[in-house]
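Starting off with a structure, shown below.
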Amino acid sequence: MNQISQNAHVASTAIIHDGVRIEEDVVIHDYVVIYPGTVVKKGTEIFDHCVLGKPPVSPGITSRVLKDNYAPLVVGEHCVLSPGVILYAGTTIGDRNLFGDHCSVREECVIGDRCILSRNVSVNYNTKIGNDTKIMDNSHITGNMIIGDHVFISVLVATTNDNTMGREEYDPDHVYGAKIEDYVTIGAAANILPHVVIGRNAIVGAGAVVTKDVPENKVVMGIPAKVVRDVR
Amino acid sequence: MNQISQNAHVASTAIIHDGVRIEEDVVIHDYVVIYPGTVVKKGTEIFDHCVLGKPPVSPGITSRVLKDNYAPLVVGEHCVLSPGVILYAGTTIGDRNLFGDHCSVREECVIGDRCILSRNVSVNYNTKIGNDTKIMDNSHITGNMIIGDHVFISVLVATTNDNTMGREEYDPDHVYGAKIEDYVTIGAAANILPHVVIGRNAIVGAGAVVTKDVPENKVVMGIPAKVVRDVR
Amino acid sequence: MNQISQNAHVASTAIIHDGVRIEEDVVIHDYVVIYPGTVVKKGTEIFDHCVLGKPPVSPGITSRVLKDNYAPLVVGEHCVLSPGVILYAGTTIGDRNLFGDHCSVREECVIGDRCILSRNVSVNYNTKIGNDTKIMDNSHITGNMIIGDHVFISVLVATTNDNTMGREEYDPDHVYGAKIEDYVTIGAAANILPHVVIGRNAIVGAGAVVTKDVPENKVVMGIPAKVVRDVR
């Protein structure tokens, strides 16, 4: 049985599966599909064709084994989900976040408040994103990655988590993405390799390939990225 | 009240909001959603799950302030919108354009005639694209950018408009993308930084990072991009 | 007339056009659209908003001429199609493949068994992909390309097929992508230029630009990519 607030506006074409909770002043547009158990908190607007709370499903060929059950997706207050957004089960989203068209976030991620994930951004499993962080269009955020507060990641940025590039079995002890500390800025089409730590308030230039740790308050550029100056 | 031509073919599952005008010989496939006031001119075909004329909505966290009202979206004659295309309010599209799957164009853009915007291309706000221009799959076109006629932009090309990368307040006087003149060709995964002018009939090599103006009729390559020869 | 197995589970909101064949134990979720003639083999699960078997349509501006008719799409057994996947007519998909959200494969491709094509991957026309191959998020696979078995292609990888970048008429004799042999690994944001052959078990480093053939069992890195060592 669902709990849908009488003050929510749910399009007649929205498919709300069992056990969903929709709080007051939520607006759900046409052809949205919400999977069982999902929670959508007050004031959030969900545009057409979004899919919320779907569990990950594999035909048995993924190297990382999926769980039998995931906690429900929780979407916080006063978020905006643009058309075609897909958020998976087991993920928790804070308040006042904006998701661009066709953005997709996989299972067991935690996203804070007031973030922007723009169009076609894909975020993989078990990644943590802080508050006030922006990730621009067509970038990919890998699994097992940590991104702090007030981070800016520009368009078409690549991040990865596996130095063996799938040549060995999945092992979470060696498969994890970068740690990006608070107030970091990353330029367009930068390439952030696994395991690096990008220190607080550092700036990564457009097109840089970051192969090792970046000290805080430094600007790095180039391939491979090298320190060129302090952040002014 | 809508004005839908009796010679249009509109699937029964299409959601047509108020004040929409659909001209003759338009074909609208299943689960399309069209927001109020949108105009679709004659002969255009709109495939499944497209969303047309949606205004931009933000939870109050975007640095650029949105308007209270936008002009309606206008889609020209004999266009083809592939499944999942999203076009925003305030944008004007010319005739015989092709939009690939999941392509998205934000508000107040102007696109000419006979352009191709391929799959997963994201175009930001207030950008102008001329006639006969092609933008290939998974590329991003930034806001406040000007692209001429007969331009070819290959796949996974990044463009940006803000040299401060969000570290300062939004100011349209310093936040604008490149100017790409007529007959320019840009190779795969090139990275076009803010404010540069790429001169008529220039060629930018694959993977180049364009940090300063490119003279017309020149080929540039490398990181940063340098002139290597004249266009033959 | 359709042939839908009595043991298939088809959501009432799915649109199944004429002449479609759905085998036993297929699951079709909400708002899926399946075009005429498509075949979905047993045990495959198709999530919300997928579009299957659509023929390519152009407003007459594409340089490559489309056919009047394409063979139906065939999707093999026990595949998983995540939400928003789009597969075109004329394409044949093997068994136990996983397609990520908003992945799109154009007409007349052939994909083997047990492959993963992740989110926002776009595959162009007439491309062949072998068995057990993985293509990660937001990458683009060009038309007229051949990818072998057990290949791994990381995120945001660009591939292209036309050295003239559209400056000459379409000619399939000179417009074809790379040949990527079995067991090749390609790093994040690599850029694979037309016509190159990447030899069996080679490794292409992250961010490399591959401009010429890569010998088998070699590691290449850099811009342009050069051999740095043997694969260990």
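Residue numbering begins at 1 within each chain, and the chains themselves are lettered A, B and C in the order written.
Everything below uses one rule, namely that contacts are C-beta pairs under 8 Å (C-beta built on N, C-alpha and C of every residue); 3 or more make two chains touch, one makes a residue touch a chain.
All values reported here derive from a predicted model rather than from experimental measurement.
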| item | value |
| --- | --- |
| For subunit A and subunit B, chains touching each | C |
| Degree value of the rotation bringing subunit A onto subunit C, based on Cα positions, nearest 5 | 120 |
| Where subunit B and subunit C are represented by their mean Cα positions, the distance between them in whole Å | 24 |
| Residues of subunit A engaged with two or more neighbouring chains | 31, 49, 84, 102, 120, 138, 156, 189, 223 |
| Interface residues, subunit C side, partner subunit A - complex | 13, 29-31, 45, 47-49, 78-80, 82-84, 96-98, 100-102, 114, 116, 118-120, 132, 134, 136-138, 152, 154-156, 185-189, 203, 206-207, 222-223 |
| Residue numbers on subunit A that touch subunit C, as the complex places them | 15, 31, 33, 49, 51, 54, 57-62, 84, 86, 102, 104, 120, 122, 124, 138-140, 142, 156, 158-160, 165-167, 189, 191, 193, 209, 223 |
